[in-house]
Amino acid sequence: MLSIEAIIRPETIEDVVGELEAVGCRKFYYANVTGTGRQGGVEVFVGRAGQMTRRHERPRTIVRAVIEDGMKDDVINAIIRGARSPGDGEVGDGKIFVTRVEDVIRVRTGETGEDAI
Amino acid sequence: MGEFNSGDTAWMLMSTAMVLFMTPGLAFFYGGLVRGRNAISTISLSFVSMAVASLVWVLWGYSLAFGDGGDLNAFVGDLSYIGLSGIGINDGGNIPDLLFVAFQMMFAIITPALITGAIVERFKFTTYIIFLVLWLTLVYAPICHWVWAEGGWLFDMGALDFAGGTVVHINAGVAALVAAVLVGRRRRPALEPHNVPYVVLGAGILWFGWFGFNAGSGLAANGQGANALLVTNTAAAAAALTWGIMSYVQTKRVSTVGIATGAVAGLVAITPAAGFVNVMGALVLGIGAGIIPYFFVLYRPRMGFDDALDVFGVHGVAGIWGALGTGVFAVEAIGGTAGLLEGNPEQMGAQIAGVAATLIYSGVATFIILKVLDLIPGLGLREPESAEDEGLDLAAHGERAYVADGAD
Amino acid sequence: MGEFNSGDTAWMLMSTAMVLFMTPGLAFFYGGLVRGRNAISTISLSFVSMAVASLVWVLWGYSLAFGDGGDLNAFVGDLSYIGLSGIGINDGGNIPDLLFVAFQMMFAIITPALITGAIVERFKFTTYIIFLVLWLTLVYAPICHWVWAEGGWLFDMGALDFAGGTVVHINAGVAALVAAVLVGRRRRPALEPHNVPYVVLGAGILWFGWFGFNAGSGLAANGQGANALLVTNTAAAAAALTWGIMSYVQTKRVSTVGIATGAVAGLVAITPAAGFVNVMGALVLGIGAGIIPYFFVLYRPRMGFDDALDVFGVHGVAGIWGALGTGVFAVEAIGGTAGLLEGNPEQMGAQIAGVAATLIYSGVATFIILKVLDLIPGLGLREPESAEDEGLDLAAHGERAYVADGAD
Amino acid sequence: MGEFNSGDTAWMLMSTAMVLFMTPGLAFFYGGLVRGRNAISTISLSFVSMAVASLVWVLWGYSLAFGDGGDLNAFVGDLSYIGLSGIGINDGGNIPDLLFVAFQMMFAIITPALITGAIVERFKFTTYIIFLVLWLTLVYAPICHWVWAEGGWLFDMGALDFAGGTVVHINAGVAALVAAVLVGRRRRPALEPHNVPYVVLGAGILWFGWFGFNAGSGLAANGQGANALLVTNTAAAAAALTWGIMSYVQTKRVSTVGIATGAVAGLVAITPAAGFVNVMGALVLGIGAGIIPYFFVLYRPRMGFDDALDVFGVHGVAGIWGALGTGVFAVEAIGGTAGLLEGNPEQMGAQIAGVAATLIYSGVATFIILKVLDLIPGLGLREPESAEDEGLDLAAHGERAYVADGAD
Amino acid sequence: MLSIEAIIRPETIEDVVGELEAVGCRKFYYANVTGTGRQGGVEVFVGRAGQMTRRHERPRTIVRAVIEDGMKDDVINAIIRGARSPGDGEVGDGKIFVTRVEDVIRVRTGETGEDAI
Amino acid sequence: MLSIEAIIRPETIEDVVGELEAVGCRKFYYANVTGTGRQGGVEVFVGRAGQMTRRHERPRTIVRAVIEDGMKDDVINAIIRGARSPGDGEVGDGKIFVTRVEDVIRVRTGETGEDAI
């Protein structure tokens, strides 16, 4: 079993969710984080007059789904479809991290392994 | 039995309530500007003034400010009205004396609350309570007496301060500066305000309440009051727009906090002038209030002291501009006194005297009070470093501003 | 054509608006104290009273409260003013009768809203709407008649209640207690308030609005009104500071929610007394309101009923303290009636009668109303467990207080 | 020297302040309804009107609206009062002329602010500032003149609009519709409001301020003012409850945003009628305002234009309903004019003329202004897509509404 | 060393924390996320009149503890006790994900491995 | 590839970010969580009078960077420099968890593996 974590732009979350559901991945969760990457940060006002500073960070959203190994490519492609900016994409579109999950347990039933996903 | 003017009384009841409401407004204005972990602490510093200053005022503050000080009357009142003794419910002129007491009380509440903007995120709450009592007694009441009590030396000199440019704003501004220097810099100043909507809410309440502050200061519902309301609004609008334009010209973005700050600066600048200038004077005062404090606030971070929310930059600087501007733009047909532009240069002398005296007295006296409090064992001005890092909300108040469900 | 006093009318228009504004203030005061997942539900319980109570009042509530009840006039009015029929725009004394209707309406709005603090986080919203209609009709209107309508039995007995210590606060407090017992304990009471700034905002609006509540209750812009404003402020300040000191002495921290709660307790305590006591009486009432309810609130969690936001502890207990205190501290020179301290022990009898009658009647009648509503199929007092766990905002209102961007 | 009525003056000072306060209230009402990443931008669009419209008004707007336009007087004023020249502080009737200027100014502030609800989350802030100046000059001032200035053609025709049903609400509503069409649909409209408590706070402030708006529009503290306050409250309450019931019947849930929206719709509907109808008329107007706009808002998403916060649905539709309803329910004993139900069908003609003229003129003129602004290089109506996606708070204001500690 | 991550209903967090502490797991952290799973979403109002939409998501809380391998069963059972709805549990009670952790470092002391847990 | 997750005090985030950038780790994200550990919780008021309770939890911030194996020591030391309290550190300074990442995909380009980091 694999854990797929994607860090994406917050405004694409609805598209990503739609694409995930389209490939049959209907179990996942997401949360907002603050991200720093190749894409520059954003200028914000500091204090009450016109000083500005460039923050390094931007708002980002993390989506995570734990899946069977076989779904890997579908899920990754779905996320890319939802999160990539039109055209060739733009810096800041995000990353996907894949890690191995040893076990999954469903709280309700106590089932484990792939059955529990 | 008093034959009060019920219309004037109605307006003054209302103005009193409106000025009271400014203090929670200020609490949000300041509270939005700090870090989230100091939001409650900042709000509380303002809010508690409603509790403490109210009591000081009815117990002895009013008497010190407006009593007849006898030989010392040029400088301070006496204790004849202690606990408001001797003021009956039917005493008064066009309005009840008790209502004048209450209206003035609201100024005594908000003035020290203004100071707190300089010292947020590190000042010790319990020491502040004691500071509040001493400062109102030793600084606010005397200056109030000088300017507004018959026989006060600035009053007699004819210094114009309609609604508190010196008494409230310059006074609070310089005290804030001194306090910021003495308490020292914050360890990790925030870059961005933690809640901009709160800043706007606060500014909105302040703007609303300021109509009571300024248009109530004539103590009557009449043409001068109407003019005061109109010029107050005009100066606020002009300064807000100017500040917004300044930020746009400099950065290509319009800062909302800047617009709100500009509005407050404009309101400060018009405060001493509201009973004396017309709409055109207000326009100039407002535009100036959107420029001069703007630059002061812009360069303050390089000045070495940490007046966290720019109390001196906004209230002190705009207050001085307004106090001097009153001397320049006063129109005889409005408030009975001509200013420089109408050929009365002498007025400038009184205005300068008012500004200078307030700066010096308030600066020195505030310094002494804080130094003494710093030395008293168990008091001290500043929270420990660990409390500052953790945030004063948890450390000093045992509270958190926002608690989520689940992972709170 | 009526020859109204325009000043009194101006003040009463204003007071009416201010008392209306208290209800959104209360919504935030309460809304900040609950869990985030019940914030909207709590706010809505208060806010909807502005809709429902307003209609009840103009349709039949005012008539029941202030009509001439004929043979039953000691206990309740009649239906002669149903739909405000027969009240012309020029009817009235110093102020229009329609304005008195409106001013009183605002009291009828906030009183049931106060009750909701006891039952938040589990009461069924739709049942509450029906409760609101019944309670105003069967509990509020009669008690209002007893105390404030000419011919009401407590009015005739000379029980003093300037602005609603019995009618509003004790009444709401005991109804809250009964409702808390009947609806039962919450499954998972929150430990901390979810939004302390909202609590302070609410307290600020309440304090502001209370000047209309109390200083408007003399129906005139005069010396008694000015005194009422001043004593209202003094009691609030004294209670806020006292409550803050209590929390500091006990815990070495100053609770901001405590200061805000103390302010409200002080405002409650001065409510019946505002037209009758002077500043010194207010000071004592305020200090007492910072101590007695404090202990009640402190020990309430051990008392076995879940009055979630301590409505009885704050409004009931401080209301009783204020109602009795009015009998003690009333000053003849202020409101025409002497209290115990001025040698009029009889007044205490009337005060005790007012308190006891309100406690008993409101307690019993509220109990009956709620029991009946509980039994009606399709109603019932309480949301299902799943809704309570999920939070009433989503379950009963289909809304969430805060929705973030991205992961909302 | 003017002999003002101090009571009327007191009430108008207060009303003016209350109407000013409505604009920050509106900022929160709208600000809560949008996405969090556009909260500041939305708040700012309303708030900045306090700065810009105030200046336009004192410089030339008042003169255009209330000056004597000579040959063109049926359609527009002149520039004789430019910079308020020639209006002394003692000029006036029962209240100072300067106070009338100020009171009317607050209407000129809030009207364009209302429009912004349609265009939030994508309109360009700097273009909006210029729009504000042009729209007030070319649309608001003339329509205001038609309806409220002596000699205005609708004024002379006897069209009833007590407090701005046409001038404010229909005018803003149709301008909003045009602006929504021209600026185009949002790329990703939010589903849920980001902060429901803000919506309720805004609604509470609006309800409070509306008492000044409506009960101040008679310019006196008298029986008509009291009636205006009472009917205003009644219509708001009836519409709020009706809207809540509608949502419950349709969905088995009571929408709090719905209750708040209903209240606003009721307040809009009663605005033109407040000086002319009684409580029963207000009840009908309120119930209608809870039904007709409800269905419009419900089906608007299918209509192809993105009036984001339903300004036309609420202000336009309820405004038309109220303007026509005034002609139906006007009671001679209240405001001196009989309506359809009292046997005066002619009044309907004037009402329809007022509605139609406002719809057409405001619609066409707003269209032309926006088209021109769209074509001017460097302006344009809409922010770039990237700014819209990122949120206008960061992109146009360099600010974020909420910044957490730690991971901000 | 294992990382145990449980996605649970927010209202059960206090129970879960209690159960974890009861089995001696006193180091963990938690955060709120938005989750989509077999349990349907919830109906919310859209706009100002009576339109509603069914959101796919519900509020959820993630609890994470990094533990020694030997604690695995205790911790999992503790979470289940705290998070399972009364009776046989209900859809939406949550999942537990188990992943392997290569190393743990304590910031204060620089200790690594099991000592640092 | 490794995932480095550090749980730190919120007030140290700016220092940690600075240290990470100083060692060339310029891609990461962070979020706020609620943590329980050896460091006691904090006393908070319960209700409106003077009852207090000791919460078990404190606010914490999680920082996560996915890195090449070779950066491990640099990154860990950077975090320790930023997050450790002056002197010998204090209880509550935090933990660092290291887990293995199987794959990384860049959304914009579809690159995978170390190229995508």
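As written, the chain order gives the labels A, B, C, D, E and F, with residue 1 at the start of each chain.
What we mean here is this: a contact is a pair of C-beta atoms (placed from the backbone, for glycine too) under 8 Å apart; a residue touches a chain by one contact, two chains touch by 3 or more.
Everything numeric here is computed off the predicted structure, so don't read it as measured data.
Which chains lie in contact with each of chain C and chain F?
Chains touching both chain C and chain F: A, B, D, E.
Tell me the fewest steps from chain B to chain F, where a step is a jump to a chain it touches.
The distance in steps between these two chains is 1.
Per the centroid of Cα atoms for each chain, what is the distance between chain A and chain F, given in Å?
The mean C-alpha positions of chain A and chain F differ by 19 Å.
Between chain D and chain E, what is the separation of their C-alpha centroids in Å?
49
Just the number, please: Cα centre separation of chain B and chain C in whole Å.
Roughly 33 Å separates the two chain centres.
Multi-chain contacts only, two chains or more: what residues does chain B have there?
5-8, 10-11, 14, 18, 37, 192, 201, 221, 251, 253, 255, 257, 391, 397-400, 404-405, 407-408
Where in chain A do residues touch two or more other chains at once?
In chain A, 10-11, 30-34, 43-45, 52, 59-60, 62, 99-100 touch at least two other chains.
Think of each chain as a node with edges to the chains it touches; is that a line, ring, star, complete or other?
Shape = complete; every chain linked to every other.
Would you mind writing out the residues of chain F in touch with chain E in their complex?
These residues of chain F touch chain E: 2, 6-8, 31-38, 56, 60, 62, 76, 79-80, 83-85, 88-91, 93-100.
Please give the residue numbers of chain D that touch chain E in the complex, ascending.
33, 191-192, 243, 246-247, 250-251, 253, 255, 257-258, 261, 294-295, 297-298, 300-301, 309-310, 313-314
List the residues on chain D that touch chain B in their complex, please.
2, 4-11, 13-14, 16-18, 20-21, 23-25, 27-28, 31, 39-40, 43-44, 47-48, 50-52, 54-55, 58, 83-84, 88-92, 95-96, 98-99, 101-102, 105, 125-126, 198, 201, 221, 393, 396-405, 408
Write out the stretch or stretches of chain C touching chain A in their complex.
Touch residues, chain C against chain A: 404-407.
State the interface residues of chain E toward chain D in the complex, per the touch definition above.
43-53, 55
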